[in-house]
Amino acid sequence: MPEATYLDANELVINMGPQHPATHGVLRVKLRLDGERVLGTECIIGYLHRGVEKIAENRTYVQFAPYVDRMDYVAAVTNGMGYCEAVEKLMGVELPPRAQYTRMILAELQRIASHLLWLGTHALDIGAMTPVFYTFREREEILKIFENYCGARLTTHAFRIGGLQYDLYDGFEKDATKFCDYLLPKIDEYEELLSTNRIWMNRTKKVGVLSGKDAIALGVTGPVLRGSGVKWDIRKVQPYEAYDKVEFEIPTGQNGDTYDRYIVRIQEMRQSVRIIRQSVERLAPGPIFGKVGKVIKPPAAEVYHSIEAPKGELGYFVVSDGSTHPYRVRVRPPSFVNLEALDIMSRGHLVADIVAIIGTLDIVLGEVDR
Amino acid sequence: MVAEVTFFILSALALGSAVMVITRRNPVHSALWLIVTLFSVGGVFLILRAPFLFAVQIILYVGGIMVLIIFVIMLVSVDVSGRQQQFSRQWLVGLTTVLILAAELGYALYRGSKGFLLARSAPAAALENNTQAIGTALYQNYMLPVEIASILLLVAMVGAVLMAKRKME
Amino acid sequence: MADEPKAPPSGGPSEPPAKSPEAPEGAAPPAKPAGKPPAPAGKPPAPAPKPAVKPEPWSSPLLDELQKRFPEAISDPLIFRKQPSIVVAKESLLGVCEFLKSDRGGSYTLLTDETAVDYPKREKRFDVIYHLYSFQRNDRLRLKVLVGEGEKVPSVVGVWLTADWLEREVFDMFGVQYEGHPNLKRILLPDDWTGHPLRKDYDILRQDDAWVQANLNIKSGQ
Amino acid sequence: MLQNVLQFLNDHYLILATIKILIVFAVLLGIVAYLVLMERKVLAFMQARLGPMRVGPWGLLQPIADGLKLLLKEDIVPAGADKFIFLLAPVISIIAAFTVFAVIPFGPPDKGFVISDINIGLLFILAVSSLGIYGIILGGWSSNSHYPLLGALRSSAQLVSYEVAAGLAVIGVLLCANSLSMVEIVKNQQAAGIWNVFRQPVAFIIYLIAAVAETNRNPFDLPEAESELTAGFHTEYSGFRFALYFMAEYTAMVLVSAIAVTLFWGGWLRPFASVHWLNFLDYTPVVVFLGAGVVVILGSIKNPVPGEKLFLFAVAGLCFFLAVVVAIPPVNAWIQGVFWFVAKVMVFLYAFIWYRGTFPRYRYDQLMNVGWRVMIPVGLANIIVTAVVIYWWSKPHAAAAATLLFR
Amino acid sequence: MGLKELLRRIFLLDLVQGLRLTFSYQRPSATYTEQYPRERPPVAERYRGAPRLNNNPETGETLCIACNLCSLACPENLIVVGWERTEDRRKKLTTFTYDVSRCMFCGLCEDACPVDALELTQDFEIANYTREGMIWDRDLLEAGPQPVRYSR
Amino acid sequence: MMPIPPTWCVYLGTGLFTIGVIGVLTRRNVIIILMSIELILNAVNINLVAFSRYFGEVDGQIFAIFVITDAAAEAAVGLGLLIALFRNKETVNADEIDLLKW
């Protein structure tokens, strides 16, 4: 681009990433700029492509389970839960309540952890460097619970097809409740730091606006969709596990801008706390495995199952040919589809807003690229 | 003595960098040399007991106008014009004119330099610490010109903004 | 790479799943390979070894409406685990999609996912699969389009914007060509990649070996 | 003997000035180095962390290690860069930052705590600090890279606009003090018995915001916004030249703090300098050094590593020694001005770090809006109000105006 | 915008409350950092770390019965079990390699082991200078992880 | 201390002025032409200040201040023109600004 200028006589093409502090991984965004105004973006992804779907075809159902943790590596528990449930659905296995509630508690903890991580990095992108340390501190408490429960902090491999690998450790209930009590005031602190701060409001309001209609057309799901005012949460509309037995609300935004998505995620953390509290109360001793055989061998059929992952609808489409190996596992990653909206959301904004928009989409490149 | 030597050094610096200004290919280099010139002229102001003007020279010229110019140079692409021909088509005519002008000026100065030896040269301390004097003069004797200048600045500012603005969508 | 189990180990006693929460070691079913080597790739749904729920024929008002509007186009309506799926003829795919998206057709406004499955032994080897969701009906619907090698599928980007990247991914991974896609190029893999990895006949080692042979001058890196 | 030396220095003011410059330069270097450590530590505590802990006890030797590292790193000049300007730019930055200290009074001038008290001091400050921008803009341009160029363009626009705001804020002080000399401004506050911050609160806030913006600190750190422009104008710099930029930034922080203290917080004056029953405050330096010594002693007792223990003991000893020295009345009197000046500057520096630990970053256009639509109009209004008030308070003018209005 | 909100904005209260929060966090008790090599973090009982091949504590013989289940369970195929038949037709373990560099610590091998021979221990310091050093043989596995204790 | 003879300043001013005029008349790049104009204005300022010094009055300096003000206005307008020009014609060459030539 030797003739590049900063006037509209010519466009400037800037390459953001794959090594860039604000692209949350190895995302490469080509920005067409007019001055600092963005005319268009093009995402170049695939730097982290590992062929997860191909790996699945060469593993047994059980063996593939650890791999799904590595897609959305900041929300491994929900990933694993979605996969296990998809296979269970294929086999028609019903889980005992203890396993269901355990899964729900861990998944909601994971949702909080994912949102915390999102909040920290998003704030860091917008220039507030402190929240990231606070949120990581809170996330650490969740990871400690995970470590105590299943022995791993990040890529947990917490669940097995048909139930749980581990029963809860002694004191889990206490830990979970204690964490809930600990978290709520901390969320208030984040809000104190950011929600009413004029700089934060300037930076996020009216940035990356997505109307409800556009959001559906673009296929975005999760908090991004809810931020645009569409009250849709798979936990409510197509409940899995025991989500139909607990009470919680679906927070939504009105304007569909970055600020609304921020508020939605903050509120979701509070709702998750509610779910955790109710689930802990309902934990009763009992079996932790459904009726599955030692060998996982689902019938020859295909099934699509999706759950509400922290980032949106995480779907697994599993095709079985009746053997121990899946014939095909398709992952419908929320980040991938949400990232597609970046181009439309970022048109006409400034470079600084691109950073905010990428942040607000809450993508994880491990999941985008798989 | 010190003043004379300083004056000579500053003059040489001013003239030399002025020549660099008009001969450099890259406008950024030109601008940098112009800054050197401006600094030297500012130094001359100091020798001439005009510290306020020195400050104004630095603040306005170096800190304001030149930053603006460099800003614009970076805004418009210089790579293209840097590779093209540097001097205009009429450069020969222009140069000749200027040389004639310079010769005339030189001759006039040479002949008239006696006239500059003024009858009443002010005492050295007459202009010491003149900031207050300048302020008083500006806002009392020259009130109207100041207002006119401020209107000029306002017009220039509005004009510049309008011209540099993009077309309304 | 491919971990084909070499020899069948002595089959362990198949006991009901352990339920003791105190013994995590024995709680999970050990990942044992099947009693026989896995079904050769490409043989579509092999006979299930144990009796299981099978997909059943599906019937619903929507299906009737569809069949009325697009006779010929709709076939194989099946339902499994409450998930209906239909096979749509390639030619009328766009029409069906437009209809399904409209209010009369159930307003399936959200294209959740688009993907493909490769059955190399079949005459038309690819199933291109669309998962639709209707906010109004709170219902999902699976469309399948059977595509042969080298055939082109009409792109649904005009119907659902989401399909843009998803179709690019299917193209990248399976080599399914789309007609009318604005920007059909590889998305996850580099542009100069050869082959389409999610096809069943794709040799996983090929790319690796090619690189090794070109750069290190040895036959195989594995 | 001492008399002779002093006499000699008085006669040869150039030599005296050189010595002062060297002292100020050395002290500033030290302050800047430890300011970096202070920033890291304070930020860390605000963020529930510890900060550097590995080099020396509590990371006390970290600045030295950092400096060594930066000096020894490779000095990379990118291909296609304008080499001369690339090498020159950081030097301009740091020279501009250091030069201004020439007119800052660190203490009472009769005790020699100012390098040069020139009568256009304030103008000199504005003039030289406006040069610092060249370091940034040329560095960004000469790197021949997109991100630095964007950073440079941003910073030039930002600095030019906020310089106007800072200038307007300063004019309020000028109107009060009737002088451009920094020393006179402080003396005026002494005479008035009140700091300018109370006479000109609006001007102070405008100056504070403009100062943060001019030093490219959060929330106005757009030229080097790491999440957008990687590192802004110094993306391509490495090693020693990067260190120069780094030092320039922190020196500029010290500088604007020093200016703010001089203009608004009474410079070297003790708080309530005119209230005599508060004279015991003169012994605050002693208390401060003693307190520091006690803290260090406590830390050294807890420290398990013998070498570090020893080091901390030495530091504590130094603190106690200084406390004793400062307690000597003549020394105490001599040190007063500087102590209060440094203490006030530290408060400002802490505030800078504090902002960085708290606020998100403005966007470019919002920054410009704040500058042009809020700060400059408010600054202008402040000047007008100040001028009117001063006019009415000076009796003869009031009388004249009254006759003008009501004749 | 109500009057209250307007006053809040003029007096910068929204910024001040943030400043108050960060200021209050400076108390030493709020510090969360662990100084890792000096302080060792507590590791959960179920932690899946470096692998170990257990011996019978009484006889000192290996517990492994060379059933190869771990190798089959491993998604990454990184366990290689070598055995030979003894005279009484029983399998006897000869070699056992475990490639830690490829391991993702999913714990499937541990689950598969019928005799508690293979175990993922609580040790997490498995870094090594070479790739070859990450391939652990039977001796290393039986000795268990021997992490370097850093000290000054 | 003897003041510097005004002749010296006048010579310096003349030199700067001539160089500035050469720049204006011969260079193609509009930006450099603008900068040459600044040179000319500076030459004028030197004279003004020099004579102010010798008459012991501040009026010359006042005029110099007005000249600098003027220079600022000129730079703003000139650069505004330049940007408008560049946006339309993608050039900074004076030779190519010939729309009004006939």
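Points worth noting:
For clarity, chains are labelled A, B, C, D, E and F in written order, and residue numbers in each chain start from 1.
As a convention for this text, a residue touches a chain if its C-beta (ideal position, glycine included) is under 8 Å from a C-beta of that chain, and two chains touch if they have at least 3 such contacts.
Being a predicted model, the structure only gives us computed values, none of them experimental.
Number of steps on the shortest path from chain B to chain E, with steps defined by chain touch: 2. More C-beta pairs in contact connect the chains of A-C than those of the other pair, out of A-C and B-D. The central chain of the assembly on a C-alpha centroid basis is A.
Averaged C-alpha coordinates put the centre of chain A at 45 Å from the centre of chain D. The centroid of the Cα atoms in chain E and the matching centroid in chain F are 73 Å apart. Averaging C-alpha coordinates per chain places the centre of chain D 49 Å away from that of chain E. The mean-CA centres of chain C and chain D are about 64 angstrom from one another, to the nearest whole unit. Counting partner chains per residue, chain B has residues 52, 56, 64, 68, 74-76, 80, 166 touching two or more of them.
Residues of chain F found to touch two or more other chains are 83, 86-87.
Among all residues of chain C, those that touch two or more other chains are 3, 24, 27-28, 30-33.
On chain E, the positions that touch chain D within their shared complex are 15, 18-19, 21-23, 25-26, 28, 30-33, 35, 152. Remark: chain D residues 43, 46-49, 146-147, 150, 153-154, 218-219, 221-222, 225-230, 356-366 touch chain A in the complex.
Per the touch definition, chain A reaches chain E in the complex via residues 59, 62-67, 70, 130, 137, 140, 144, 147-152, 155, 157, 165-166, 169, 189, 192-194, 196-199.
Residues 4, 6, 12, 14-15, 20-22, 36, 123-130, 133-134, 137, 193-194, 197, 199-200, 202-203, 350-355 of chain A are the ones touching chain D in the complex.
Contacts from chain D toward chain E in the complex involve residues 42, 45-50, 53, 305, 354-355, 357-359.
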